[in-house]
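Submitted below is the structure of interest, expressed as structure tokens.
Labels run A, B, C, D and E following the written order; every chain starts at residue 1.
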């Protein structure tokens, strides 16, 4: 076994080990805990960077061993895996920094950071999983490790949200398991493989394959918050802001979306899925979700709930991109995995800052917040414009690429969906920006800003600024080979042989 | 070497039962530590021998079957012997610190504990129908004695209920043995199986099989004959509950499974197989639903046993008249379910005992806010719960997966409802406990941390049950080992 | 038909009578009597059936001896338990223990329930 | 034929005694019937050419169990006994 | 009415059970067995060390069953004394003043002891053996107890526990000694078989009597009890 084979294992172990250490640390050892957290996060980022570099060079890292008769445990670092792994590793570092600031002086931090690390470990596992079975393993682990984060506050509301969350996700997990078991039943253990496994399937397999596809998507769709299965997401907003950032931007919804990507690309194969007529249905649902989510966001008065519905809408961009079934469209979908992540994490960081510093939860309380917290507000504004799709920000890149892809695939109606969605985005973000920047302050803030100090704690301020900077760069430098778009094009070149 | 190992395996628990009977609680504890060490080592060595050389028959007293009693030492048997050694050692060590040494009657825990262990080994290794009966009685009576320990009114009620059920079950089994002896003139299970194979004139013994399965199902607390279990397992001291749930119910199930696998094909019927599976399925739902409604923590765990036992009975429909591959999967699933449930349930009862000790109440609601103190036992409880829910990578998941595959392969898709629905239901009752522990607005301000040694034991068991899913393949390869000389299964 | 078989059938009938008593009667001591009747029935079936063809067969007789000892052990233990149970609770039957479950509304209600 | 008659009579006696054990009103009487049943069983074992079992049955089944149960029955009917004939589902 | 409704299913179950059982007994009775165990037993009887085939089966061929069965008996004894709170054996309630019984005892008890001894001695070649002897011994003990004769060794104490376990322990030692010499568990050397069996039978008689007596006297006396786990909270 070479070191290369062990890289994915190490990447997993960093956060697992961190979790174990943190759980055993006494509650009062805040500094030591923060140190452990940050060291593990940096270490993991380095490891992932190393793997990204290797994968870029055309190497592959992987390890597998038999687990249950007929089933292998497979970890494999390919280009697609690295997209998600890179996303989660870098956002883990930032979210950790943010969470340290956010949870200052609050109880149960040991518990929080322990489960937080477990959650990141599961995300890493989801990224590196080399077959559906391993994917499922980490997928369920993610469910379990996020539950304590959702109910962290321990209030009745939080506990109710936790219950909703767990009912949705575990049911989804059971459905997914059902699908995996069926698939396994008629074709054995299926490693993820570019091009899929069913390129030349026999005709009598068509009906069961279609059925299994629907079941798999239904199972994964719960986490990806596809419309009728999205109910848990807005409720889970009671969780602390770093958790919301994590749930929305990186871990949970992306796990669902990423799973759908894996199933479509590497189990069925894009062409087969298309040939079975499955992508049409998926595209229709995704389009509906996009519109529905945006429309619902419009009527929310709570900032975090508005952002939550926005997530419902945005995640389906990824799925819609896949359904375009052409290299460009697919690239647009995949790149949104990163772009949506960076934009949404910024928005949630900012929402958290408003709530933590100024006690703002509702949108109509935001009046004049721009002058009190300019840094946060700038970041928020950038991310909001990104969401709307203003050039040259990240969101624009997504929408542009997808639009091109839609034209290439002859699915012109997708353009209409994109336009309507952008208009709706504008409709629910612009009033917020208006309040932040152009309205007079209504009530006195709990604490006024003091000269010579940051508008809020540095731990809280820097993460959104960094992510905001990233989303600008991702837009500006989209054509560079190391940008998300560049990497996605590499994936598409390797994965989709169109 | 092998002969000595076997002698040690059979002798140690019985001898230690006598030794501890003569000692008081504290001295008995020290003596027990030594015994546990010996017994675990012997079990490990025997396991290693079988892994290396394959299984063998062990004629007791030098008399071959059918005249004498032969033990069959194959892969499955030694796997269970080792499992018993692990779980019993954990429960025994835990009990040594958990039970109050100053209560006079706790000294009797040790001899009963050792007799129970001895009885379990008799059952795992037994190949003689009557010997199995005696083994069952050995287990039942010592288990009843352990439940009744302390002699409080509720405990006595539970113990009596348990005793009555166990006696009825044993008699039904014995009646089946009587019919088998009348038909075949032999008591050796493999002898009967080969006689059946030669001239399948098993007329009349079909009813005997039904009787035995019924009796054993009663002792295993299969729905709707489960009503004795929750009071008994709920009221016993936690280490005792761990032993009962983890091992004792498995003993009678194991006999039922062996009977079925050896004699089920000629003597069973489709209706019987499906009926047993159906009852198992109903047990999964009923037990889960009841667990969700219990107020006492240990009652939740006890009802969860009723549910988990239900899964085991899917073995029957999935091995009757099915393809060899599917039947093998079902057997593997059963084995994994037995092992993982034993580990997880023992971990759960032991940690439940610790939690009860910590908060001073046995109610689920009393756990409000305890996660604030990060009790180690809550983690153990949680990890064990993951295995019960059947989420990966636990042993419970591996078992569920194999059952799923077997159901799909045999076209008996209706069991999927049981497997998936049951998992969700168990998630519901496990999360009810988690949820309680996360409540913040409680006025709990003091929390008694039990000794680390009490907390570490359930954690080890829980981790083992968690890791079983990752090690399932090697474990199952041992289970498949039969006899070196090619006879037997 | 031999006398042995007659006894085997008598054993079957005894089993039936015993089972009926065991199911129907709630008084613990009578239950115990029913259990012993059933046990005797099983022993008769065991010996009667085996000796029906081959004449006297020491093996089932030895088994019955073992069985009788096991039965008396169980009976004696049960008597001790019953007597002590009676002493503590004044009851001679196992009625259903008071159900200690949640009300039907579900777990939410329980939070308000007073702690004991 | 006489032997058959003996066996048949013995069997009938066994069954009748067994019935009386279960359905006699008085617990004490039930136990006395049970002792009688044990003695009849001992006879049955003799008829089955099983003298060892017959001895054991007489000593254990009839003798010891009888005394044990008689003692218990006295104890149970002395105290605040519950209803004798409460019907209940199988346990 | 209600009673009939509950009785009806029970009756149906029992009738079905009896008819099923009778049917299969009939079925089994008209077939032949494949194994001739009595014949096999006859061939091996001379190696067992005893004449009485039942004793040979109990204490040699299937001695493992017997060993475990004594274990069951000991368990019952342990469980019995563990729930009992017998502080004193001088229970006035138990002492009978019946002169007839008292007179009976004086004659009966020596006679029973004699009978027990005979049964034990006869066991190896004629009907009889440890169980019967033990039962008779226990019965005489019960009589003595009813007569109010103090039997201090039955108090929960080391003597009682020694008595409970003596027979079992000796049996077990014999079993393991043979295994130490490289044989199987419970395999007696043929030349010693008879001696060993007689020794085992003797100690078993004592132990069986002891266990049964202990169970007889474990009547509940006082109210010591232990609360349920966490029951106070």
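Criterion: a contact is a pair of C-beta atoms (placed from the backbone, for glycine too) under 8 Å apart; a residue touches a chain by one contact, two chains touch by 3 or more.
What you are looking at is a predicted structure, and each value in this text was computed from that prediction instead of being measured.
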Other chains in touch with both subunit A and subunit E: B
Central chain of the complex, centres being mean CA coordinates: B
Contact pairs, highest-scoring chain pair: B-E
Relative to subunit A, chain with the most remote C-alpha centre: D
Subunit C-subunit D separation of Cα centroids, rounded to whole Å: 14
Averaged-CA centre spacing for the pair subunit E and subunit D, given as whole angstrom: 19
Length of the line joining the C-alpha centres of subunit A and subunit C, rounded to whole Å: 62
Subunit B-subunit D separation of Cα centroids, rounded to whole Å: 36
Of all residues in subunit C, the ones touching two or more other chains: 8-9, 13, 15, 17, 20, 22-24, 45, 49, 52, 54-56, 59, 61-63, 65-66, 68-70, 72-74, 76-77, 79, 81-84, 87-88, 94, 115-116
Residue list for subunit E, restricted to those that touch at least two other chains: 6-7, 10, 21, 25, 28-29, 33, 36-37, 41, 54, 62, 65, 69, 72, 75-76, 79, 83-84, 129, 131, 212, 215-216, 219-220, 225, 233
Numbers and ranges of subunit B residues touching at least 2 other chains: 130, 134, 137, 141, 144-145, 148, 151-154, 156, 161, 164, 175, 179, 182, 185, 361, 363, 366, 435, 439
Subunit D residues within the subunit E interface of the complex: 51-56, 59-60, 63-64, 67-68, 71, 75, 87, 89-90
Subunit B-touching residues of subunit E, taken from the complex the two chains share: 20-21, 23-29, 31, 33-37, 40-41, 44, 60-65, 67-69, 71-72, 74-76, 78-79, 81-85, 158, 161-162, 164-165, 168-169, 172, 175-176, 179-180, 182-188, 220, 224-233
Touching residues on subunit B, where the partner in the complex is subunit C: 130, 134, 137, 141, 144-145, 148, 151-154, 156-157, 159-161, 163-164, 167-168, 171, 174-175, 177-179, 181-182, 185, 187, 231, 290, 292-296, 299, 361, 363-366, 432, 435, 439
Sites on subunit E touched by subunit D in the complex: 3, 6-7, 10, 52, 54-55, 119, 127-129, 131-132, 135-136, 138-139, 142, 212, 215-216, 219
Residues on subunit C engaged by subunit E in the complex (per definition of touch): 5, 8-9, 12-13, 15-17, 19-20, 23-24, 45, 49, 52-59, 61-63, 65-66, 68-70, 72-74, 76-77, 79-81, 83-84, 87-88, 115-116
